[in-house]
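Let me give you the structure first, and then I'll get to my questions.
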Amino acid sequence: MTRTDHPVRLTAVAAPDQPAVSPDLDRLYRGFERELLVPLWTEIGDLMPAHPRSGATPHRWEWDHLVRLAAQAGELVPVGRGGERRAIALANPGLGGRPFATPTLWAAIQYLMPGEDAPEHRHTQHAFRFVVEGSGVWTVVGGDAVPMNRGDFLPQAGWNWHAHHNATDRPMAWIDGLDIPFQYATEAQFFEFGRDEIGDAERITPERSRSERLWGHPGLRPVGVGELTPGSPLLAYKWEHTDRALADQLAVEREGFGGTVEPGHAAVRYTDPATGRDVLPTIRAEMHRVARGAETAPVRETGSSVYQVFDGSGTVTVGDHTWSVSRGDLFVVPSWLPFSARSEAGTTDSDSGSLDLFRFSDAPVFEALQLDRTRKDAR
Amino acid sequence: MTRTDHPVRLTAVAAPDQPAVSPDLDRLYRGFERELLVPLWTEIGDLMPAHPRSGATPHRWEWDHLVRLAAQAGELVPVGRGGERRAIALANPGLGGRPFATPTLWAAIQYLMPGEDAPEHRHTQHAFRFVVEGSGVWTVVGGDAVPMNRGDFLPQAGWNWHAHHNATDRPMAWIDGLDIPFQYATEAQFFEFGRDEIGDAERITPERSRSERLWGHPGLRPVGVGELTPGSPLLAYKWEHTDRALADQLAVEREGFGGTVEPGHAAVRYTDPATGRDVLPTIRAEMHRVARGAETAPVRETGSSVYQVFDGSGTVTVGDHTWSVSRGDLFVVPSWLPFSARSEAGTTDSDSGSLDLFRFSDAPVFEALQLDRTRKDAR
Amino acid sequence: MTRTDHPVRLTAVAAPDQPAVSPDLDRLYRGFERELLVPLWTEIGDLMPAHPRSGATPHRWEWDHLVRLAAQAGELVPVGRGGERRAIALANPGLGGRPFATPTLWAAIQYLMPGEDAPEHRHTQHAFRFVVEGSGVWTVVGGDAVPMNRGDFLPQAGWNWHAHHNATDRPMAWIDGLDIPFQYATEAQFFEFGRDEIGDAERITPERSRSERLWGHPGLRPVGVGELTPGSPLLAYKWEHTDRALADQLAVEREGFGGTVEPGHAAVRYTDPATGRDVLPTIRAEMHRVARGAETAPVRETGSSVYQVFDGSGTVTVGDHTWSVSRGDLFVVPSWLPFSARSEAGTTDSDSGSLDLFRFSDAPVFEALQLDRTRKDAR
Amino acid sequence: MTRTDHPVRLTAVAAPDQPAVSPDLDRLYRGFERELLVPLWTEIGDLMPAHPRSGATPHRWEWDHLVRLAAQAGELVPVGRGGERRAIALANPGLGGRPFATPTLWAAIQYLMPGEDAPEHRHTQHAFRFVVEGSGVWTVVGGDAVPMNRGDFLPQAGWNWHAHHNATDRPMAWIDGLDIPFQYATEAQFFEFGRDEIGDAERITPERSRSERLWGHPGLRPVGVGELTPGSPLLAYKWEHTDRALADQLAVEREGFGGTVEPGHAAVRYTDPATGRDVLPTIRAEMHRVARGAETAPVRETGSSVYQVFDGSGTVTVGDHTWSVSRGDLFVVPSWLPFSARSEAGTTDSDSGSLDLFRFSDAPVFEALQLDRTRKDAR
């Protein structure tokens, strides 16, 4: 192996009190290269910073651009075994062109044409769907048909068989969130193909899935259900519940009793009803409502988030970036950059004028390993 | 101290191969008495049986007898500071006349006259209310007014301030369940008096309590609520949710997908939405529905239960006892006695003909200490 | 059933503003009796006190009295199947003559004659042995022979087969601690007879048991050992380790770095090396060393303890009782009574002059159920 | 921004049934680039493989080469603030020249000259030292001086202040293990400088650290120590204990009672004595002993490991690579590649002829997130 194609390439660096790189020092660095070694002292600033300095960049994707491209893909790119899904992922400009919204999170727009199916498979990557507009697609999970409608959140814990089918005569788009980059970085992934065709019995389109009928009643656990696998057994969190919970929270606050995150800022976390913990072992998902005219205090957290505007419009600030956002827009908050949001009563058709933000993050990873930190900055 | 009033009284017992109690042996037993000692070998059969043999007796209390006496007490016995509650407890006939339904559980009928208040207090004993009939009373927990209506389950975790007030012109009865005997046996109890009068602001009678508005949405946790004390933050589990969950479970079973405890037997457990665990640290509470004509398999469990018939009528068997039961009747299942229930379509006004059984037990104590065992007997 | 032999017997009590018991009120109480009911208002003071008021009484048992009676029992009472053990239990004078040291704990002196065996059995009650003097007996647990010597603590988690044999020509005494009263109160007990004879292969007398060789190395877990049952897999905590840990703790304190409970008061807790938790699911066990001339601050705790003086002499105070104690003496600390100990340099043969107190308690029950409270009183 | 320097660069790919890339399809891919999007269908094989396919390569580093270069660095490169440590890291040839032994683990040789100090700092990265040869350096953790000798394992949980000083007149080398790559990938890192000089009081060189005196007694927890931070409070696991535990395990196996991982293969895991869990939240550490002539069965695990030969010599196989290894050699086992080891009696000075392998891995990350899988291959 010649030096040029050797995996380790080093530049000798003199210490502060050394006048220059001596021949001996250079020989030492060549020895490091030869033996596949790298010194800490030239790398420590990058590897061990005073606080997280993300490789990811704050960035916003506009929903109508995404939908337009997804619709073109609907015309040009078939869905089938091998490619598996017509999903198009956000590629953070700081992450080298990889389809990674953040170092740990995948976010994609998925698009299904009228009558189309996406074939069954399963994987260890934890996933969810979130529907910002449209309806008519069913996700079939372990044979249970789960309808997808605007505002619904559908977790898809790892290693469950799942497929999609569009039962209508119109295309539908939604977003997928997964921990693909995290499992890619840690090399944890398994994947299996399932049946190529969904059975006729699963092409039914019930209003509520079996999972909702068994697990979707507040505080009530079905006694007869046995041992559970990791992740929520509830496969759909319908918008009517989320919306009501947020409205209730703001109402309790108006009556003087708190309950919100901060004044004018309601939020609910999607949780596993069997444990009360995060809905997926590696992904946290929440819906935030910033009331008309309210503003959230800047917060830094270890780990990264992806947001999608569900309704309303407003202004969001991530580190040094500030954007006006409206329905469907997506943006990322890299590790330890301060984030805040402000609601603006605008052209939205929401009569309340609030800004509803769907958020997902890698917080459960940090909490499970006791690496989580949070800091509220002064405004 | 003379022998007669000495706390330890023993009878010397000869070993199998000893012809009789010798004077030496008798002297030994007198020595034991004097030194406050008791030998294992005379006690082991009682203390360490092959399996639990409960001191409690299977017993049934008829609801209309309880209500009649409670109504008389309503006329004759005032409610106020000191006595605290007009509650009349089930006294298991095997437990020496103490107000203990089982060795660990307290069950009482509580009765409040029109316009009456029960004063505020708090205690470490965990409690709940369950409403088999009537409405109009509010339980005020930490200043949050929680309405009580037929079918509602209201947990009351230890050390929360609470009071009751009857806002109507009719008396109301319900049952209280607590772990009083368990905390009495382990000597864990603390108690404090609160305000003598409920504030006017708490005499409001909202349809939903604040706790329900914050915590009563399936799988959704309020992000802004901070650290929680033991026991559920959700203060009411309304009948409409319980009823729908049971109906859904039976429907899923009918479609061929299980989800019930056994054929025709649906059940939900009241759980703490913040943890998915039992609603109270020492008390499990469940609602069971035995469909018309169905019968449950006999099951033995360590620990004891109290049941109340919520609706329908049927036959229940506890060990060697079998009773016909109908709305409001209460009965106890002592440790390790087999229990089964059969639904009978009868004179009930329930159009479904199912037998709905509310149950509470001490199972969380056994599970926390890894002492739980269950055995299904052959029918 | 006539009234006299009826399990419930009540005395009607007039309310404060009632001049006397009316005939109606008396009839109400007779109705309660007939229906097996007891009102709360006459019982609340006993059942729901402001703080725990134990039925148990502080009491001390002198070791030489116990040993003398145990030795007599050794002569007069055989050990064998049925009686199972020559164990003589402390009967707290407040607990009605039952062999209960406290409402939850059993403490007994066990005595085995030269060459004698105690037959194999197992039970759900958690147990331990603690050796205040002597040696020569082996406890055989699941076929693993565990030697017993002065200062050794031997946990015996529930449902493990165990037997004892005395391999010497001298009798030996030690104390047994169990949760018999707790499991009796909650009715959780199972019991099975094992082999009548210990196998010859188990009559070996190794210096260290297999359990110690696998689990007795600090912070090191055997990788190849599979799933474990509740309670510590380490079957002996040898005195040399306990003694050294206490001496080290006091030395670190003398160097100015804390580590003790309070000045002059070192203590170690016996823990399950697989979990770091209490050595038994229902029993906490600790060794305390009060240095010469030191005194511990009075502490109240929910739940009860039994102490045995392992070495030294001193004065202990439990509520209003104060005793001088020396090697082998046992005493109980009922729930919520303040306890403190003072070391006295005396006639002890311990050159250090410290007071070593072995303690066991029901604290894990309280902690598992979040019922634990502690209060340090001003001295 | 021109296309060439745009972060996303895509090549349009025709679907199987498309004859070629159409102009429309190419326009679609250019649109993806412009909007910072990447389709799943071209990436799925890399991102979602059937099982983990590690970017890391099996590789071995020979100890004498490492020591020689480290000694040269000792002459040429000073230790001081900024560079912090004279540590030289293994750079896996598959990981692009970064100082990452595996995608999640850092392994380095650290070298300290006679009388030298390494300055105090702290970081969220979890760390440990393992000493394959030499002695004389103390690691000062929170003011507690911990000696380092051959065979000792010293965990260094995140966010504790620590420094090193060499109290002898000879240089010393050891290995450092950290989760730097994992925290780099997830962007969790914090770092702070501490004092530039260790205090004189910390230049003491006691045989046992305070942490060992408080926490180093098997199964015994100091009662007076309050709340603990994540990671083991025991700062040194001395070789004498590890060695004895391995010897005991093999002896128990020889007596016919199991206890080993498999025949001839003993192993202990370094655990946190306060919890029984892994010694560090993100790093598992173990010592394995393969008896003379024994061979371990090939095992695949998700996640990666680094091994160092502590003693003896033998042959190790990782995937398709097989090496002869002896004292000090390091090698990596990437995710899901089968690993096995065989002991060879050779020129070692170990009279037992066993092969002792120190191992550390990222297993706690996988287990905390329920992503762990293990498979034993047929030999």
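Order of writing sets the chain letters: A, B, C and D. Residues in each chain are counted from 1.
Here is the rule we use: a contact is a pair of C-beta atoms (placed from the backbone, for glycine too) under 8 Å apart; a residue touches a chain by one contact, two chains touch by 3 or more.
Worth saying up front: this structure is predicted, and the values here are computed from it rather than measured.
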Each chain counted as touching chain A and chain B at once: none
Identity of the chain that, by mean CA position, is farthest from chain B: D
Interchain centroid distance [CA atoms averaged], chain C/chain D, Å: 44
Rounded Å distance between chain B and chain D, as computed from the means of their C-alpha atoms: 53
Inter-centroid spacing, chain D versus chain A (mean Cα positions, whole Å): 30
Two or more partner chains touched - positions in chain C: none
Full enumeration of touching chain pairs: A-B, A-D, B-C, C-D
Partner chain A, residues of chain B touching it in the complex: 210, 213-225, 232, 234, 237, 241-242, 244-245, 248-249, 251-252, 255, 257-262, 265-277, 279, 286, 288
Complex contact set, residues of chain D against chain A: 7-9, 15-17, 22, 24-25, 28, 31-32, 35-41, 43-44, 47-56, 59, 61, 65-66, 69, 72-73, 75-78, 80, 82-99, 103-104, 108, 123-125, 158, 180, 182-192, 230, 281-282, 302-304, 334-336, 362, 364-366, 368-371, 373
